[in-house]
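Single-structure report; data block below.
First chain written, first letter: the chains are A, B, C, D, E, F, G, H, I, J, K and L, and each begins at residue 1.
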Amino acid sequence: MASSTYAVTKIVGTSKTSIEDAIEGAIATASKSLRGLDWFEVISTRGYIDNDKVKYYQVTLELGFKYDG
Amino acid sequence: MASSTYAVTKIVGTSKTSIEDAIEGAIATASKSLRGLDWFEVISTRGYIDNDKVKYYQVTLELGFKYDG
Amino acid sequence: MASSTYAVTKIVGTSKTSIEDAIEGAIATASKSLRGLDWFEVISTRGYIDNDKVKYYQVTLELGFKYDG
Amino acid sequence: MASSTYAVTKIVGTSKTSIEDAIEGAIATASKSLRGLDWFEVISTRGYIDNDKVKYYQVTLELGFKYDG
Amino acid sequence: MASSTYAVTKIVGTSKTSIEDAIEGAIATASKSLRGLDWFEVISTRGYIDNDKVKYYQVTLELGFKYDG
Amino acid sequence: MASSTYAVTKIVGTSKTSIEDAIEGAIATASKSLRGLDWFEVISTRGYIDNDKVKYYQVTLELGFKYDG
Amino acid sequence: MASSTYAVTKIVGTSKTSIEDAIEGAIATASKSLRGLDWFEVISTRGYIDNDKVKYYQVTLELGFKYDG
Amino acid sequence: MASSTYAVTKIVGTSKTSIEDAIEGAIATASKSLRGLDWFEVISTRGYIDNDKVKYYQVTLELGFKYDG
Amino acid sequence: MASSTYAVTKIVGTSKTSIEDAIEGAIATASKSLRGLDWFEVISTRGYIDNDKVKYYQVTLELGFKYDG
Amino acid sequence: MASSTYAVTKIVGTSKTSIEDAIEGAIATASKSLRGLDWFEVISTRGYIDNDKVKYYQVTLELGFKYDG
Amino acid sequence: MASSTYAVTKIVGTSKTSIEDAIEGAIATASKSLRGLDWFEVISTRGYIDNDKVKYYQVTLELGFKYDG
Amino acid sequence: MASSTYAVTKIVGTSKTSIEDAIEGAIATASKSLRGLDWFEVISTRGYIDNDKVKYYQVTLELGFKYDG
């Protein structure tokens, strides 16, 4: 992270296959409206169950991005 | 919560009467600018005191809403 | 709490009207299968939103009850 | 909160009816010996159960008040 | 999560291959005795090491399921 | 902990003499109905006071046991 | 805990011999100025080391007592 | 904080000189796009090291501002 | 910290200039009524904003002092 | 974990592909200088983003190993 | 703690008899390789169960010691 | 932080003048024995009081450094 101001936003990504896929999906969606995405942190990993199998993972991320106000 | 991407925003609602009223007020205000509000979580419940009575409740919420980037 | 062994179970009660009503509902449901319910602690207060209003409150409780093994 | 020194005390209020009533009761009791009560924060919400109903709510608060030493 | 009462149980799943596999295994085992499994949350991710490699992952989950008392 | 599925239950043990005695008592009570008890973790240590002495210790444990569903 | 208002104070007790002895000592000291001591909770357990042995235990407690304002 | 709705945003400010300077910088940047900034809370204080000296401080803040939706 | 009983009180100090100044101010105010102040711990660092600058810092401290009951 | 003394060290592993790969990499690096690695716990999962994709995962682990002083 | 730099290490001590004995054992083992041990803090208290009795306590400590680099 | 393995160590720095000075002192001491220091995070800020003034600040840091095993 270079020396500037960053903002942090919270996003929940979902995936039927894996935690990593949910992270990538959240970043892809956020990148449509936010520029300069720089880092993420996993805040929680949850999911929904259907017929006794994982229906999808829900990964809550904090996403940091460059912010000039 | 259906399988899509959600964003989470943090809002402080206030009410002179109850915690539930502060929650409803925060959601009503947020709904003016955010569509697809889906869930909330109470993060903290505080308040101000005047003449030894509750002046108003301040309830900090996280609000989740559908987000397409 | 008298001097004996207690077990703690986690229950999520829901209500369309208030946090207190969700707590009472969770206790009523738990009392069908658990005897000797003695205390509760609110772990989290969440809810779902429909049309920009609270659809229902979800209150997660820990419930303590007498336990003889 | 104006620019001065505050002290914070921890109080547990109880009520048979509601969380808000337990908060008000704790503030009323504290105001007998503390002047300048200014804000509160809910630290935990617990309660006791009798005959499968809430016997009373116990709400633990931190109470801030002006403090001149 | 529909509007009813849920119970939450804590389960530790293990897997030699991945975090997701440990989650699926815990759900499969729990489904033998619990009906109506609805959601999970990862509480901790640990593991044992053998010969400087991961021997198995241990993922502690909270599992929510419909509960009628 | 061998490679299998474990469940975790929460128990409050009490003792007039020591924290260790409260832990042993909680395990003894739990073992009447749960088989395969394997580990514990102390979650909180509380107690009640009578005449300015400890009346009894209350130790809240999480207890892990083998679980086949 | 009966239905009334309680205050909570934080005390650090010390002992050369055991955690339980530090708890008893803190309660004994507090009882000189506080009446109606009712419960305690251990917040942290620390200690000082001298010549590679425990010099004394320091146990931080929250102490609840009846409070009429 | 007056009786209205507030939003809370998370910002990371940086400074080569001090924690206070990083806080002021984050507020100055945020004020370019947000009106009605009212309070802040320090969430974490980190930094980067270069040649065994602090290269810059990174202070993560939550910033509250008036919000009319 | 020598081997005796300590009490811990919570104080919020404010300063227009720095975190350290708010700490010193809180200690100075507390010392008017408490003797034997021995240590402090910063619990939170907040502040109020006016015209997009820090109006004052609010530093919440726990203060430990010798306590003989 | 057998009955002996363990030390715990904190390591950050990185991987371009998955969380599990970052865990395995951290263990492999640690095993060059530490013998008797026995267990790990994931403390945080973060990562860096480049061109709106995960550049690499950073998984912070606590690693336990046998320790004879 | 005098005015100098300290390092903090994390150690898990075990004992078949008591929490205090596990603390003393961890300090004794650490003292073989670390000089200037000064304080400890209990981070967690766990244990293993065999035949429905405590097999041994596992107490995780942070140990502070003087550190000159 | 580049893509490699890092270790994290915990250090307590002290200073009579400021929090920043305690941070710089801890880094300077650590750099005598650790190479590749890269980042820090403030874990707690405490201090000792003498004659109702801050005697010295004690800042506990986690320090990250490049680690090749």
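Definition applied: a contact is a pair of C-beta atoms (placed from the backbone, for glycine too) under 8 Å apart; a residue touches a chain by one contact, two chains touch by 3 or more.
These numbers were taken from a predicted model, which means no experiment stands behind them.
Engineer: Walk from chain E over to chain J along touching chains and report the minimum step count.
Structural biologist: Shortest path length, in steps: 1.
Engineer: Which pair in E-J, C-E or D-G has the same interface as F-G, with over half of the contact pairs matching by residue number?
Structural biologist: That would be E-J, since it shares over half of the contact pairs of F-G.
Engineer: In terms of residue numbering, is the interface formed by chain C and chain E classified as same (over half shared) or different (under half shared)?
Structural biologist: At the contact between chain C and chain E, which are copies of one sequence, the residues are largely different (under half shared).
Engineer: Between chain I and chain J, what is the separation of their C-alpha centroids in Å?
Structural biologist: Here the centre of chain J sits 38 Å away from the centre of chain I.
Engineer: Could you list the positions in chain L whose residues touch two or more of the other chains?
Structural biologist: Touching at least two other chains: 9, 19, 28, 31, 48.
Engineer: Please list each pair of chains that are touching.
Structural biologist: Those chain pairs satisfying the definition are A-B, A-E, A-H, A-J, B-C, B-D, B-H, C-D, C-E, C-F, D-G, D-I, E-F, E-J, F-G, F-K, G-I, G-K, H-I, H-L, I-L, J-K, J-L, K-L.
Engineer: Under the touch definition given earlier, write down the residues of chain A that touch chain B in their complex.
Structural biologist: Listed in rising order, the residues are 9-14, 16, 25-26, 28-34, 48, 55-56, 58, 60.
Engineer: In the complex, go through chain L and note every residue touching chain H.
Structural biologist: 19-20, 23-24, 27-28, 31, 37-42, 63
Engineer: If you look only at chain H, which of its residues touch chain L in the complex?
Structural biologist: Contact set of chain H toward chain L: 18-19, 44-49, 52-54, 57.
Engineer: Using the touch definition up top, name the residues of chain J that touch chain K in the complex.
Structural biologist: 1, 3-9, 62, 64, 67-69
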